[in-house]
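Okay, handing you the structure first.
Letters are used for the chains, namely A, B, C and D, taken in the order the chains are written, and counting of residues starts over at 1 for each.
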Amino acid sequence: MNPSLLAGLVGAALVGLGLYGLIAHPHPLRKLLAFNLVGSGVFLVFGVVARRGAAAGYAFDPVPQAMVITGIVVAFAASALAVALILRLAVAGGDVSLDPQASGRRDDGEAE
Amino acid sequence: MSVLPLLDIGLALLVVAVAAWTIAARNLFASVLGYVAYGLLLALVWVRLHAPDIALTEAAVGGGVTGVLLVTAGKRLDALKATRSGAGPGLRERIVAGALSALVAGALAFVVASLPTPAPSLAPQAAAAAAGPGAGLGNPITAVLISYRAFDTMLEKIVLLLAVLGIWSVGADDAWGSAPAPLRRARPDGAMVLLARILAPIGALIGVHIFWVGADAPGGAFQGGALLAAMWMVAMMARLLEAPRIGSRALRLALISGPAVFLTVGLAGNILAGSFFAFPPGFAKPLILFIEAFMVLSVAVALPMMVAGPPDGESKP
Amino acid sequence: MNEILLAAAGLIVVTVAVGLARILRGPDDADRLMAVQLLGTGGIAALLLTASATRVPGVDDVALGLALLAAFATMAFLNHLDAGEGDAEP
Amino acid sequence: MSVLADLFSLAAVGAGVFFFIAGTAGLLRFPDSLTRLHALSKADNLGLGLVVLGLIPRAENPLAALKLVVVWALVLLSGASTAQLIGRVLRRGRE
């Protein structure tokens, strides 16, 4: 098995694991973490494409690699914004539930 | 029988196992610890894929700064006593979710296994950009980021700026203009202060080095900036430095300097070299380093402000 | 020679993987932090060995970055761990 | 000369691997957190140090060799101070 195929399979497995965590975890920070796993899995697939595209004297294709670097930065920016929103949700509602029924209970509990 | 394939397979299994741990862990702290370990291992995988630039970025952002962002967020949630997160899905939903995830992963694995041979490549264009008139950049990735796909890179810096603005705007109205909450409230231990005092300056030097060699070797503006950002946060965690007020003019200028300089040089290219983001022949390399220096500044300031979060109004200006 | 260096890298990765069992077992967060620290050091060692054997250029800078960021992340986790100690007071 | 250098590399790297294994064994086998901390610092300091020592003769230029030493020094610095901090957290947990 060649290294780039192996890395591609790892990327696919990471996307699957992250997707499962994204659906199955109730806690939004855990969902965010799982989403980051999906992201890095996709980046790894990009990395495989870059490695396979070795040409012009380089051991890799620089264009997908540069896109991955841009992608990592943008993913971080989105994560940071999501964290700020989650914290705001906690300040506003007293918990971090994304469940509409739970937030219904939360409204009952609030002294108006 | 070579050892290398065995090493690769061991590394691959380890990465997947640690990723599974971050999903399976019971508490948030353990899960984030797993994520940092995962970022580190992924950096090794990137080196095996001949991508040291991405390895640095992944270690800096994936392992380091994202981990710190999440652990800081978890700490703040604890302080709010907001730990209740509602029940997770039931067993049946979990099985369906598992099946769906397995299906997606399987499809992606199939696609990866059936990628076309010979692989399409934009490497010749990147090589042309790297060797372009007066450029002479040894690192083709820097050439792609600043020259071949300059527009993307500039927009990425604007995304960073927008994220900072978005984060600031979720703060309370009357807190506007004040400083974000400190990364640590308690007085730090002596050992932590000592570590920060030694680590931060050395780390900042290494950050500048990685930016500087980025034109010809792995490294570059973002990686250097991320290291500088991490060192600023180290100093903030030891309370050697305090987070600036978000109303501070110096902070705001530093934040916009990267995209502003990039855009100005891009527009100047319209006049001097005939097209947007074209660099005049003979000046490409110094111009690229000039743009990158301001990008380093923007990144180094934007990342800690994102981790620090919205202004909180409590800290005195 | 290269093969032996790779084998050493592999041994370290395996060792560190076994050490990760510590993360899974706990019992508390300080032990988990130690295991991640071991993984960081072992990861850097494996990285340097592999890079030396496969001649990927520029890996010394990656190792520098990893060493810095491992220290940075450890500090943040410690920051969280000793939070109980009068963290409420500003 | 190069054979000698190779032998030196092998010996140092081998000793480094030994300390990694010893450190991990300690992390897994020692009864309480403070002794595990002790085991961990051996792997950090000696394991990586010996690996770095073994790789120095193979470095491409003096700057790369210097960087290897700096990597080790950084790990030493952070390992020493975080061991101290972890120790305090553990002691506080006991009280």
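Note that in this section a contact is a pair of C-beta atoms (placed from the backbone, for glycine too) under 8 Å apart; a residue touches a chain by one contact, two chains touch by 3 or more.
From a predicted model like this one, the values you see are computed outputs, not experimental measurements.
*Asks:* Which chain pair shares more contacting C-beta pairs: B-D, or C-D?
*Replies:* Counting C-beta pairs in contact for B-D and C-D gives the edge to C-D.
*Asks:* Just give me the whole-number Å value for how far the CA centre of subunit B lies from that of subunit D.
*Replies:* The computed centroid separation for subunit B versus subunit D comes out at 28 Å.
*Asks:* From the mean C-alpha coordinate of subunit A to that of subunit B, what's the distance rounded to whole Å?
*Replies:* The computed centroid separation for subunit A versus subunit B comes out at 13 Å.
*Asks:* In whole angstrom, what separates the CA-based centres of subunit A and subunit D?
*Replies:* Once rounded, the distance between the two centres reads 33 Å.
*Asks:* Please output the residue numbers of subunit D that touch at least 2 other chains, ranges allowed.
*Replies:* Touching at least two other chains: 70, 74, 77-78, 82, 85, 88.
*Asks:* Find every residue in subunit C that makes contact with two or more other chains and list them.
*Replies:* Correct list: 16, 33, 40, 61, 64, 68, 70-71, 75, 78, 82, 85.
*Asks:* Where in subunit B do residues touch two or more other chains at once?
*Replies:* Counting only residues that touch two or more other chains, subunit B contributes 4, 48, 50, 74, 189, 192, 195, 199, 206.
*Asks:* Can you work out from the touch definition every pair of chains that touches here?
*Replies:* Those chain pairs satisfying the definition are A-B, B-C, B-D, C-D.
*Asks:* Which stretch or stretches of subunit C touch subunit B in the complex?
*Replies:* It is residues 3, 6-7, 9-10, 13-14, 16-17, 20, 23-24, 26, 29, 32-33, 36, 39-40, 43, 46-47, 50-51, 54, 56-59, 61-62, 64-66, 68-73, 75-80, 82-83, 85-90 of subunit C that touch subunit B.
*Asks:* Could you list, by residue number, the parts of subunit A that touch subunit B in their complex?
*Replies:* For subunit A paired with subunit B, touching residues are 1, 3-21, 23-30, 32-34, 36-37, 40-41, 43-45, 47-70, 72-81, 83-88, 90-91, 93-99, 102.
*Asks:* Which part of subunit C faces subunit D closely enough to touch in the complex?
*Replies:* 1, 4-5, 8, 11-12, 15-16, 18-19, 21-22, 28, 30-31, 33-35, 37-38, 40-42, 44-45, 48-49, 52, 60-61, 63-64, 67-68, 70-71, 74-75, 78, 81-82, 84-85
*Asks:* So in the complex, the part of subunit B that touches subunit D is made up of which residues?
*Replies:* Contact set of subunit B toward subunit D: 189, 191-192, 194-195, 198-199, 202, 206.
*Asks:* Across the complex, what residues on subunit D touch subunit C?
*Replies:* Residues of subunit D touching subunit C: 6, 9-10, 13-14, 16-17, 20-21, 23-24, 27-28, 33, 36-37, 40, 43-44, 47-48, 51-52, 55, 58-59, 64, 67-68, 70-71, 74-75, 77-79, 82, 85-86, 88-90, 92-93.
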